[in-house]
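Look for chain A in each of the two complexes below; its partner is chain B in the first and chain C in the second.
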Partner chain A sequence: MVSVVYEAPDLIEGAVNLLAKSDIPAHVLAGGTDLIIQTNNSSDAERLIVDVKKIAGMTDANLTDAALELGPSMSCASFTERDDIKAVYPGLVEAAYLIGSTQVQGRASVGGNLCNSSPAADTIPALIANGAQCVIAGPNGERTVPVEEFVTGVGQNCMEKGELLKQITVPRPAANTSDAYLRFIPRTEMDIAVAGAGVSVTLDDTGTCTAARVAIGAVAPTALLVPEAADALVGSKLDEAALQAAADAASAASNPITDRRGTVEYRRQVVGVLVKRAASIAAERAKEG
Partner chain B sequence: MSEAREFKYIGQRTIRPDGFDKVTGRAQYGADLNLPGMIWGRTLRSPHAHAKILSIDTSKAEAHPDVFAVVTFKDFGSVEGESINAGEGAADVLDLARNCLADDKVLYHGHAIAAVAARTERVADDALALIEVKYEVLSPVLDVEDAMKDGAPILHEDMFTQGYEETPSSPSNIATRLEMKMGDIEAGFAEADVIVEREFRTPTAHQGYIEPHACTARYDEDGQSLVWCCTQGHFDVRTSTAKLLHIDLSKLKVVASEIGGGFGGKTVVYQEPVALALSRKSGRPVKMVMNRDEVFMATGPTSAAKLKAKVGAKKDGTITAMQGWMAYEAGAFKGSPMMPGVMTMFTPYDCGNVQVEGFDVVVNKCKVAAYRAPGAPQAEFAAEMVVNELAEELGMDPIELRLKNAAKEGTQTIYGPKLKTVGLVECLEAARDSDHYKSTLAEGCGRGIAAGFWFNIGGQSSVSINMNTDGTGTIIEGSPDIGGSRASMQMMAAEVLQIEPSRLKPIVADTDSLPYSQGTGGSRVTFATGMAVIEAAEDVVRQLKERAAAIWNVTAEQVDYVDGVAINTAGGEKMTLAEVCEAAEKTGGQISGTGNINARGAGPSFAVHLCDTKVDKETGKVDVVRYTAIQDAGKAIHPSYVEGQLQGGAVQGIGWALNEEYIYNDDGVMENPGFLDYRIPLASDLPMIEAIIVEVPNAFHPYGVRGVGESGIIPPLAAVGWSVGNAIGRKVEELPCSPPRVLSLIQNG
Partner chain C sequence: MSKTHVTTSINGEPVEFLCDPGDTLLDVLRNDLQMTGTKEGCGSGDCGACSVTMNGRLVCSCLVLGVEAEGAEIGTIEGIGSNDGLHVIQEKFLEHAALQCGVCTPGLIVSTKALLEENPNPTEEEARYYLAGNLCRCTGYDKIIRAVLDAAETMREGA
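Here is the complex of A and B:
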């Protein structure tokens, strides 16, 4: 028999306490679209499930002049409905909108996507492109880590026992900045990224790129920030040569594997294509915005 | 049937009788029967693709307090290698038994070895780990090329290639070699001005039915037994299961549940004999339900194949010679659909000089099973691709080239008979005249066209129609309904009885309630079971006339039956069908018609498909932007379900052409046993499939019916393959056209 202890604390401290003190395997539950599948296949006879969705702020999103304060457990369905957020971070919202299907999005959360730390997670490159930060609560208080440093390996992140993700903070982008996220899958939906790319660009009045962040997913053990690709864009008008240089930089930075979803050569190539296309879309949006 | 006739009900789009149950969730599928005291069976499967089983120790599992029984191959007792009719075609009983539970060798990753029945599914699963199996691991043979090589590891030491004048003396992985030919192939090529020749490959593809295999079995103290399962042929499940467990047919009742797709894959037994053996041993009802990964690893997809096709033609487009070669993977046991591949490959063409050679080859993969027009899609893919290339070489429109050489009534087939009336020309003309073909192709897109031929079969069907005293009736048939056939049976009976279809309730009865009926396959049900329904309904009409005659004291010949009313031509009296039924008590008892037939005269169905694709040249991703499926139905009894068959066949063929494939690692372990990585098309991947029904009646069916269930999966492979090649300016030789393969074709040619 499997015994599952379910707790739904209403305070962060309560959740931290439960996680820190547990002597059986303990898991934070957000939407459960990763967790339940994983624990169903697990051989643990006992486990503690700490549902964090009752904790104030965990399922809300607050857009201030300074930043988006995203409750990590907000469902993607609620998140993608927020037109105010979409106006500022269209690429990030797009990434959340790609997860699974309408049904899956009713539960799945951006925080769950991040904490599950899959190399192919769709929201992670989009968060990195936007310079998002993870606010982690734990027995020793709070700490803040940039998303690109949060994930440390396949299914691994920097959180220690007793810690949980309390908030994702996404800074307000500068004027004339926008983002885009694209992923490649062989079908139209319900699939796992073969490669993904999140790009944010800032333009000046002449249409010259003054700042950029490029992040790629599914082509290395973790999503990668690729400064070389950003450098290729900065100073250009995002002409074909600059885009191709960014694409090449992304391909070079990638470190993919061959598996049933794609080969090394294919992933390297496609991730460059996605960077190029995402950069163009982001630039179009920045001009319009 | 020779001339077009007026119908009262045939051709309407009535509401299907199983619709409400299915949309409300009330319908009972394979996993839905629960019996008192029921326990759960799970299967231990091989982690190796090829190994000798040195020993199986089940004692620890048996000692588990919640385990009620463990079975292995030994529980089947002595099994002989005789041939029985199991599903679509003959099966060797020993192979069947060894596929259900391995004997001394495991032959593929996922091959069943033992099964455990326990109080819960979880316990049964855990108890599998208590079974100790010792293996001697052997090198796996994973494709036809390796399997056919001299010195290849041999799967079956007792298998010697059949089909040569002299049977070789050393064992081989080639089970059968077959050659069919007519005319003079060399002279044919010598006459040709243009010759096109290519090699092709197609992957292992699964039917992808949504419902996993599931059954509940109960073996009683008195030897009576019950199997409830999702199957395309419950009478064949009875034959196979009774054979493996050595029980009389009368003692085994098989009930066909509602079925969530089969496409040929549910014509064979996997769990049913095992569940019944577990029940016999444990004295409890046993349920077994496969997981999705088990369905992929251990049921029967269709053969991967290697093929060659060569055609020659004169400058004016007259095809002078057609030559084919194919090697089909059978999986672990002999019996790929290579023979129908050989037979169908060039049948759409009226060419006198044809030669085709085929090989049935065993490899360390799961044993293939029937899949919609088994064997034809692979062979006709190769043929249609070279015909399209021939059109290109000749500078001819591909439809005109096909029309010039189209098979028609009287065309000699390679497999013996001449074709009777067929509708290929009509399908090609419908394609030529379609909006789709007339539309201009968008920039960067490609267009493909292909034809497809499938025989269709008839066979044995048994039907009773029991009339009630209020003039309603029950149609009792034995063909599991997969594609809406109950609606068609209702309409055909209604047409004969001239009453509203809704007054007749069609049911699929169990094996105790009807004589043998062949399974649902070979596109036979609307044709053959439909014929049995018509015969049973005509039997009812004959009895109605007799009963009315008895009341009026005239002879049955003096009674007419028109619009559901019996009329005394001598005296002018009338009685409705309901009135005759109500009076049955006084005229000799209740009225019941039967039609137990072995239907002959199945009419082949030709199909022609058009496909436009758009290819992302930087990623290799293919989008199907427009698709039209044209097919000869003979007569569409229920047009919606005919369209459904055309569209469904097209979609499965598109999936096979674009993304579906079994991926194995070097050890023969399947790496994508799930719908995430075995990519069948999603609704959002496809445009609406335009369906055009052509009706060239089959003279051997009272209403002109041809089967339509299978031909539709044949043309998509070449229609899509050619279209993709056309879009990128390359020749596609290997399916699926998955993004990495297409990108590499674009970049490397």
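Here is the complex of A and C:
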């Protein structure tokens, strides 16, 4: 059994210092729904676990006129209860709501989902669709990385030793903009995405799409931003031809694997369908907004 | 390995314990505090048998470190009934025969209490969604859901 050293600093600097100076494998603890299982199954002799939930701001969300400043360790249960956030980013909130059971929601967090960096993470396409940025604190100060560049491979991300995700900043969408996230799973709930799609669209007064972001998940080693799919939507009234072009672009950009949840061919097909449907839902929401 | 001293509150009572920093809250409850009402099923957050509340939130105690209980308020199955008798939810589980082996039952009862505090009048669908993280391998869910909805009705009448 792995011997755990537990620290719960109350300042970012303290956490960074612990992570940077550790001579044993060091891990950040948010909700623990991935980390505790990984620790129980670990072959490490020792592990440093740095619980960041006592640091101010890590478990809160602040919605300003400019952006959502999301504490990465805020539980999905707390996050999805925030009606003010749901009104602005309904797709991001629905992505967070899809993670796990009620019990898992009580602990799991958007930042944890991002840092665990699973290809099938539900919140990542929704964050990318919203142009979210990762604020990373480290021994050499802070840096900001767009979510689409944060995850670098299966279970891997751009954070170096000593670095810590301090905040997820989601800019306020422009007027007449909304988002949606859809995933496909064979069951009705509590499953891992076979494919997922997060879409944000902006419409003008005539219902023409003036801007879009399309991101797909579970169909490549990392979630992907697909500018070609967004380009297919921009300038259209999201008619069938434009939606199909976006779907085809998403299918073409995907690079899935075959596993017990789905085949390459199936995932390519389904991710296009999800992009189409998510774009339609986002457009309906943008009209209502 | 040095043990960590933790001061917490369990079912409203102040509790102190020593634990290894890698021990889960479930380990601490069952092995150190002899509160064996909380069951271990999968140990990986899938089955809900170890459900407890932490600061009012329903969580799997197998996915919480014991040291994280410092300063928190924990609620377990032992705090549901009282010396005067069973809680309505417990009575309804018995009445509807909503258990066989009983391993899922404490988790289901803790989860049902959390559900009814959030939503005293759930639809069947809402109850099934909320309790989807509590797996039962023998009774099946129909009797459980009947017990939950009957408990909800009885609690609303009593409120």
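Just so we're on the same page, the second predicted complex is superposed on the first by the 287 of 289 C-alpha atoms of A that agree within 3 Å, B and C clash if a C-alpha of one lies under 4 Å from a C-alpha of the other, contacts with A are read in each partner's own complex, and residues count from 1 in each chain.
Keep this in mind: contacts are C-beta pairs under 8 Å (C-beta built on N, C-alpha and C of every residue); 3 or more make two chains touch, one makes a residue touch a chain.
These figures come from a predicted structure and were not determined experimentally.
Peer 1: Using the superposition on chain A described above, determine whether A:Ser251 touches chain B (first), chain C (second), both, or neither.
Peer 2: A:Ser251 contacts neither chain B nor chain C.
Peer 1: Of the partners chain B and chain C, which touch A:Arg260 in the superposed model: first, second, both, neither?
Peer 2: first
Peer 1: Tell me which partner A:Gly32 touches in the superposition: chain B (first), chain C (second), both or neither.
Peer 2: After superposition on chain A, A:Gly32 lies in contact with chain C alone.
Peer 1: When both complexes are superposed, which of chain B and chain C contacts more residues belonging to chain A?
Peer 2: C
Peer 1: With both complexes overlaid on chain A, does A:Thr123 touch chain B (first), chain C (second), both or neither?
Peer 2: Neither: A:Thr123 stays clear of chain B and chain C.
Peer 1: In the overlaid three-chain picture, which partner chain does A:Met190 touch, first (chain B) or second (chain C), both, or neither?
Peer 2: Both partners, chain B and chain C.
Peer 1: What residues on chain A does chain C touch that chain B touches too?
Peer 2: Chain A residues touching both partners: 2, 189-190.
Peer 1: Going by the contact rule at the top, pick out the chain A residues touching chain B in the complex.
Peer 2: 2, 184, 186-192, 194, 259-263, 266, 269-270, 273
Peer 1: Note which residues of chain A are touching chain C in the complex, please.
Peer 2: Counting only chain A, the residues touching chain C are 1-6, 8, 29, 31-33, 36-37, 39-40, 47, 49, 51, 53, 75, 77, 100-104, 106-107, 189-190.
Peer 1: Along chain B, where are the residues that touch chain A in the complex?
Peer 2: The touching residues are 122, 618-619, 621, 658-659, 663, 671-672, 676-677, 679, 681-682, 684-685, 738-740, 743-744.
Peer 1: Would you mind writing out the residues of chain C in touch with chain A in their complex?
Peer 2: 1, 4, 20-22, 24, 43-45, 48, 51, 54, 57-60, 62-65, 67-68, 70, 111, 114-115, 129-134
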